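Common to both upcoming complexes is subunit A, partnered first by subunit B, then by subunit C.
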Partner chain A sequence: MVSVISNVETGHDDMIHDAQMDYFGTRLATCSSDRSVRIFEVKGTSQTLIADLREHEGPVWQVAWAHPMYGNILASCSYDRKVIIWQEDGHKWKKVHEYANHDSSVNSLCWAPHEHGLILACASADGSFSVLTSTAHTWESKKITSAHSVGCNAVSWAPAVAPGSADGTSRSGTAVQRIVTGGCDSYVKIWKFDSATGEWIEELKLEGHSDWVRDVAWAPSIGLPRSIIASCSQDRRVIIWTNDGVTGVWQPRELNTFDDVIWHVSWSVTGNILAVSGGDNKVSLWKESLEGQWVCLSDSAKGQPSSEQRTL
Partner chain B sequence: MSAFSKNTSRTWSIQDPVITNRMHGIIGGVSSLLVFPHKDHYKDDREYPSAVEGKIKLYQVESFSWLWSRQARKLINEAMGTFISLQDAVKEVEPDDYKSVLVKKCREYRSMIQACVEDITMCRECEGDQEELTASGQLLYKMELILSLIEILFIDKKPGGMILGQLLMWIRSHFTQCIEKKNEVMESDHPHQHSAYWEAVYGSVLQGRMEDARHMLSNHPFADTDPFLSIDELLRKMPFYQVYGGVSVAEFTVRWQHWQSECERRLQEGHYSTCHQLQTVCKILCGDQKTINNLIDLMDTWYHLMVSTLLFTCPTVKLFRLHSAAQDAIACVGGEQSTTPLDHVLLAAMEADILQVIKECQQVLDNTWFTAHVTDLLCHTMGQTTDQKFLPELRESLLLDYVSVLVSHCSLWQIGILYLDHLGPSGIAMSQTVLQRLPLTDDSRAHKIIQMASDRNFDSVVVGVCRVMGRRALSQGRLGSAIWWGVRSRDAAFTSHLAHQILQKYVVEGRFESSQLLDDLGPAMLLSDTLTFLGKYREFHMMYQDGNFRDAAVLLVSLISSKLAPEYFWPVLLLDALPLLKSEEPVISAEQTYELMYCLHNLHNHASKRGKQSSLENEATCSAFLEKEIDLRLALSNNLARAIIHEGSVDN
Partner chain C sequence: MRTISVTQDVPANALALSPDNLQVVIAGRHVFKIYAIEDDDFVEKANLRTGKHLNLNFSCNDVVWNPIEESVLATASTNGAVVTWNLNKASRSKMDCVFNDHSRTVHKVSFHPCEPHLLISGSHDGFMKLFDLRRREATQTYTSNAESVRDVQFNPHHSVNFCAVSENGNVQLWDMRRSDRVEKQFTAHGGPIFALDWHPEVKTWIATAGRDKTIKVWDLNDNPTVCNTIQTIASVGRVKWRPNTKFHIASSALLCDCSINVWDIRRPYIPLAAFNEHKNLTTGICWRADPNSLLSVGKDCTLIHHSFQDAIRPMEDVNPAALGISNYGNISTAARIKEDSEPTGSLAKLSVFRKPANYNDHNGQVLSSVQMITCKEDGPVSSHHLVQSAKQYLLTGRSLPEICEHNSAVAKKLNRHQVALTWQMLHMLYMGVGGGSDHLPGLQGSSRDDPAIQPDTSLENEQRSSRHFSGGDAGGDTSGGGFSAEEAETETDDTDNHDLKLTNIASGMTINQDFFFGDGEINQIPFDYDNLNNMDTSQDWTLPNEAFEPRHDILHRSAIPPQEFSSKCSPREIQDTGCVSGYVMETPSLLSEVRGTGMPVWESSDLVVEMLYSYANRGDVQMSVTCIIVLGDKLKDLLDPDQVEHWFLSYIDLLQRFQLWNVANQVIQLAEGLPSVLQQNQQSTTVTLHCGRCNHPLGWNNLLCRKCGCASATCSLCHGIVRGLYVWCQGCSHGGHLQHMMQWVANNKACPAGCGHLCEYT
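Showing the complex of A and B:
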């Protein structure tokens, strides 16, 4: 029931660490241990390389596309402790900003919902995370130190849904800005921007994992008042944290204990399917059933497809 | 619809030696999965040396559905029409007509499935993967079979709960072999010698097609003999219950029992001892289970067997007794071991277990086209009963699943959006997400999306699309178009930025980009100060071109004195004043002249201040202006003199 619709010869000389489709699914950005970031134009099943960006001096861990209403902007983070923001001008991609205020590898980055403005959060192995805000002519940065001891591995923004507009009909600019981070201290932390003081404050510390948290992903809003965060860890578990939006309590539910470390969790755009990939060499898709259970839809794995054939 | 796709298992594998070592998967776009080779990176440890053999490939994986096939397209479109009209109809219809609306809609779905089967049959004659087409056809046939049973058991319930008549129709329309056989036999030269003659007779009797059976028997050479006349009478006199036939159930039961005891009497008295085939017919009429069971080959399935058995043993059977009859029939054909998923669905329906029906279907189909529409029908049918609380939630969930398949398709997304209008808050949220993520390939696509978004009051989507289009137009250097989109998105900062760009371009080139568009701005120009200035400045140009110098002068001076103009544009404005100052008739008053002089003074101060620290290009602009400054000062003082004299004389 799945099919590979295309395969891209990425031209990277080393393993790929991240691949992201842009907002419309028409462009693909990849980054690799070979220190490069590559951008492809995707048309149907064919891809054309349109940029090969080489400014990083170490493996590039992640790439992220900004909302197209700010132009064609891509951010990348690397082992070289830098975050680079790239922009397409005419048909040329060039570096428009470099942020090098971290003391160690920058592991993860995520753009804020466009409603908040052009804002980027990045998480570093130095235990801190930064929030970079684009103003008229420059980028302002705010570094939140000692967010996670030993290191901060992942960062993800909450969707911009203003309180009291759960149906999403009036997404307003007044929505509270929130970020979730995951770190080597095995915690998942939720941070809230206090607009009065202009500071990011730790709102909650979610304890559930017993080893390094590898990735966190805040689910897109699907029209319900509740919020969902997925986190995965070295402890081979994926936890779904759900806040019903009424009690304000984050209820953990273990998705599954896997055979190996789980590296990555990502939500579908419509927010109801979670993709989990880890060291067991499988990518599995999960969906919440009406009874509130998380069930596996399918795996994409190395191995022979089973011969089980079901017909009506 | 697993029957259509080659990879049905839940696990799908990718054959690539490089990916074997480590695989990573990320959701990309609305519905695809990006899978690529990956290595454990201990991000904060040292850099890992790596040895990669082979090319690093990235795979884009998408769920493949039968819905993408060409044959399904019509089904998708028509189902949408029926779905939407159903949602509207149930809101407006009187309670009394509620059921008939649902039955009508159910039949619409059935007939579109049948049409699709016919299309596929046509296709098979000319093209395509025969195996796959055959499988599609069979699957659709089965869907229709299930849907019509659901219609009988859940939607089109008859008063008194009598269902056999409908079940018989259901069997007749789905098992037509006996009719085909009959036609074949009757077309032969000597029907009674045809090998299938008696099979066709039995088949017709088992489906209650007594007229057909009598027709065949009357063509037998011995039709005039007593046994044939006797069986003809029994066939002719068999009572059938009709819901609206004016006969009560009790009265019918009496008549029916009377008729069957007559059959039994004739059988026992040996009326048919000379002809064992007629004896078999009579045994069927008597409801002899063994005889009916032995004819299973003519019925193919347990449900045909069940209906035929009930026809001659319990014609007034009610829904709640159907389950045990079904179990008996299944036992007859080999028990549970030999049942297929289709059997499970039908059995669940006969047990009146809606949830089970949907579950069973869902497990074997690769998309929710069928279950979503069925659940929608059932949800509306059962809307009033309280014990089916799960239905609305299940309906929404299955429909959302169906829509999420549609919206990932480049042309079916519009249909998806129409469904989402009827799916509550989740539908609205998905609708907004989808509309924002559609690739804006060109202006007309953008307009279409904006239209759909504004029809639904999705202001944020409209603004978002306009901003993206504005940004794109700017990056392509189409400033006029960018302004237009900027105005539509009510983005003051962006339009200011664009207005500045247009003004700066004017300073350099001396002409306007997309002047037509700027002239038509109207009240929209009030969005930002710079845009207002730009619009007003265009008005000044128009007046000047029309020779309306006096008004043009008033506007120009007000533009200069209002400080709306960005500073870099002041020289332009002052130079624009030059011809007006030199005009034969004085059009600039003394007071206005003072304004201009004040402005020039300021500009001079600024320019000389900046001259010390500015960049080269600024210097060039400044020096160009300074050259004209003398000219301008002269014109100003001349005009002032003229204006004072003129104003003085007019006053007098």
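Showing the complex of A and C:
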């Protein structure tokens, strides 16, 4: 990879499960099996610890930063079946909300696009996912049970300006809220919020993986009217689902079959580069070529950039 | 053996295995049964809850099976009785002895590991009693000095010793021959301890667990020390070491959590395995002398045999890798540290528990490292060019060709050749016949922002432009100009059109006449004529001075008050109404001078639109938005306003991510015809006031701080609250009423507050 690699001294006592940078790319939040969430200020290649949050009673699986228009807010989910929402107040981070309505480990969480409001979706191993909405003083929750049998592993929001204005959703503000989830039943499911009934309904079930889906990521929508979802699975494959916004059909395209279980897929801010990380500790970057093929730009383990001409 | 279960009508509190591990007894308030464990089923062997008087002696808190005499059982009753049972009794009731020595509920009973006639009990009355079954009496009483003894267990390795835990958080070690004094005592937990278990192999280890949700492993050397602490999510009710494994221990919770967890004490945060079969709280657990076979009873009235291979393995499902991409293209990843790597930091600290001999993937201390992969400037996810372009691109304020030239140079400098070429193409297209040398002085004059870029590239750009223009000319379709219909309607008359057509025909160009709209001013036509001729004949034409692009759009870029946007007026209305512009830096003379020559010679708008989509599709929304802004209303009717709005919002969001507030603001201002984007600028800006002393936020129009009661602004002279004008020294920040200050400085030089600063009020 064309890059400088710097190690972050996190000081965690056990395995680290997530490391996310905030909206501005200046802060790094990490979470670990040791039940703590840590926040670092990142400047260049140096990091300073600014907070060590210990409220969880189990390993913390994921952290997610909210859009800064709502303040400095971080959410974390844990094996202890709780979701904790933290907020920076002055220079102190404190717990502002705790959601403990799941019957099993909460595996994943994702903030909605800020256009919808301060809304958090979280996926649990009890097979359900919840949507927490911040109102003036409280958090309202809605739990969608039996989303995935055995367990729900990942959740991701669709961008607010939904491409594909076929259903008249293009104007921001009236955009339909959509969520994609991945679960142990090896399905990727797309959920749509029905504002008439106030319920989340299953819109589509995408079949393609042959084992637990580990992560799903809806690409940021900057560009043409089409939606892209990346999903990765225990079956060592990454699938790119593309909806051109006209036919409404999600076309799967297999990115690659990797050597190990793929744990994470993550889109770049502009939504055109996909980072993939697997159990073999490798991170690779993928980009769609003009011919519609997904090509590997670089692979952290190989240490060599590809020779492909960068046109970005 | 697989997982099997049997359900009764009532819940059980405890269970115990026969010495041969083939039978299990379960006991509760209303149940007391023996089951034989078959291969795939439990078979009820005996129901001991029989007899005429089912009194409280049958109501059991705990049950144990004599480890030596298979026919003897003991139970701890809720009424304080300790009852023994003999299965060999001929009578229907198997009840043998009843000891009523305790005054309150008995929590635990425990047989001596090798003396079958010795039984010890721990009760809520705070005493432990040793019973001799041969003498049928309590022979010893041990005082815990605590309210309640919750668990008691003989040391399996040194059987004259036993250990007891109590509700005050203390662990006591007794020699059973010395009832007068406790051998060792220490406080183990911050609250009641509910369970203890001696390690079956390591002679000095015990595990204790309690209401503080922790399981602690103690090394009982001279000075008992905690080896490990496991934090669970609920009060722990039972703990049992897993047989034949040194570091594994099973636990069940007293509250909240129905599952049975098996922990590796070296990974204290996440269970090695979990059994979730119970639908209600688990009350008793027991290993069947086999690390893969666990029995349990619960409040859901079921007795379950768990097979270890059916357990859920949270530790194996644990996500070992993390991944995040920041907007700067930095990638943060976390990965397990490979086991052969050097232990560092906290790993080294815990190396006591690293046993290389039996070290494998799932039972060792595991650490991760987090790495920040910082992209180089030309890396694939780098945002360097985006930020630099955003900072350096010109969006407005100059003529279109200048802007194109400038932006092209910027892109070129950032090694984005395709983008640079695109800008040059735009330059060509919308200037008609751009890039002549006459233009150069003006260009240099206007490039004061970027003297470094402009001069050294402009010449080259011009050469490039001409080359590409010729290419476009040859290959492109040659239809009419790009003026909006509006202009054509208002300003063109038939004669002019006719004249234009004639010129075109005269110049020998194959122009689709139907689509050609010219501008209305006759005096422009000679220029057109020249240009067309030049084009027709050769590539080395020269640029007339007048070939500037008119900047109509500038005039319409007006600062319109927000009310008008909320009333949903169309862009056209805005143009009509709000022509008072904040951007009237254009000289009108320029406008009139260049009118009419800026039409593209062939219909390129469709291609340009396609180009915009193509850039956006490739993630370069910056290019699309910048082009739209620069080209102004030339593409107005060709673009889907929703799409454009989406691009604008995306780009603004991106800019804000990079904290390029000024650029973002400029883009918002230039988002012509997109009310929802423009509105972003007009949403309220909040100014919050804070008390200068305690930093407490002040309310609207509040002069007194509600928290500390101080006035937020007092006059240094009269100490009264200042309403209205407040004058203060910027050096020492003291000040007050304007009048007072004026009076003061007339006579004094130093600060009125007495801080010693020599204030200068002018």
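Quick note on the criterion: the second predicted complex is superposed on the first by the 288 of 312 C-alpha atoms of A that agree within 3 Å, B and C clash if a C-alpha of one lies under 4 Å from a C-alpha of the other, contacts with A are read in each partner's own complex, and residues count from 1 in each chain.
The rule we apply is simple: a contact is a pair of C-beta atoms (placed from the backbone, for glycine too) under 8 Å apart; a residue touches a chain by one contact, two chains touch by 3 or more.
These numbers were taken from a predicted model, which means no experiment stands behind them.
Superposition of the two structures on subunit A shows subunit C clashing with subunit B. Applying the stated contact rule after C-alpha superposition, one finds that A:81 touches subunit C and leaves subunit B untouched. Looking at the shared chain after the overlay, A:201 reaches neither subunit B nor subunit C.
In the superposition on chain A, contact of A:35 is made with subunit C only, not with subunit B.
Once chain A of one complex is fitted onto chain A of the other, the partner contacts of A:23 extend to both subunit B and subunit C.
In the superposed pair of complexes, A:57 makes contact with subunit C only, with no contact to subunit B. In the superposition on chain A, A:89 makes contact with subunit B only, not with subunit C.
Judged by the touch definition given at the top, the superposed model places A:72 against subunit B, while subunit C stays out of reach. In this superposition on chain A, the options for subunit B are 97-105, 133-141, 259-267 or 277-285, and subunit C clashes with just 97-105. When both complexes are aligned on chain A by C-alpha atoms, subunit A residues 1-21, 23-25, 28, 30, 32-33, 42, 58-59, 61, 79, 104-105, 171, 220-224, 263-264, 266-273, 275, 277, 279, 281, 283, 285, 297-298, 300, 305, 310-312 touch subunit B in the first and subunit C in the second. Contact residues of subunit A toward subunit B in the complex are 1-21, 23-26, 28, 30, 32-33, 42, 58-59, 61, 67-72, 79, 88-90, 104-105, 107, 114-115, 125, 150-151, 153, 166-169, 171, 184, 220-224, 261, 263-264, 266-273, 275, 277, 279, 281-283, 285, 290, 296-312. Residues 1-25, 28, 30, 32-35, 42, 44-45, 47, 57-59, 61, 79-81, 104-105, 161, 163, 165, 170-172, 214, 220-225, 263-273, 275-279, 281, 283, 285, 287, 297-298, 300, 305, 310-312 of subunit A are the ones touching subunit C in the complex. Interface of subunit B with subunit A (complex): residues 2-3, 5, 7-15, 19-41, 43-44, 47-48, 50, 52, 55-65, 135, 139, 142-143, 340-342, 345, 361, 363-366, 390, 393-394, 397, 400, 404, 424-430, 432-434, 436-440, 457-458, 460, 464, 467-468, 471-472, 475. Residues 213, 231-233, 267, 269-270, 276, 314, 318-336, 345-346, 350, 365-376, 378-381, 383, 385, 416, 418, 613, 616-621, 642-643, 645-647, 649-651, 654, 657-659, 676 of subunit C touch subunit A in their complex.
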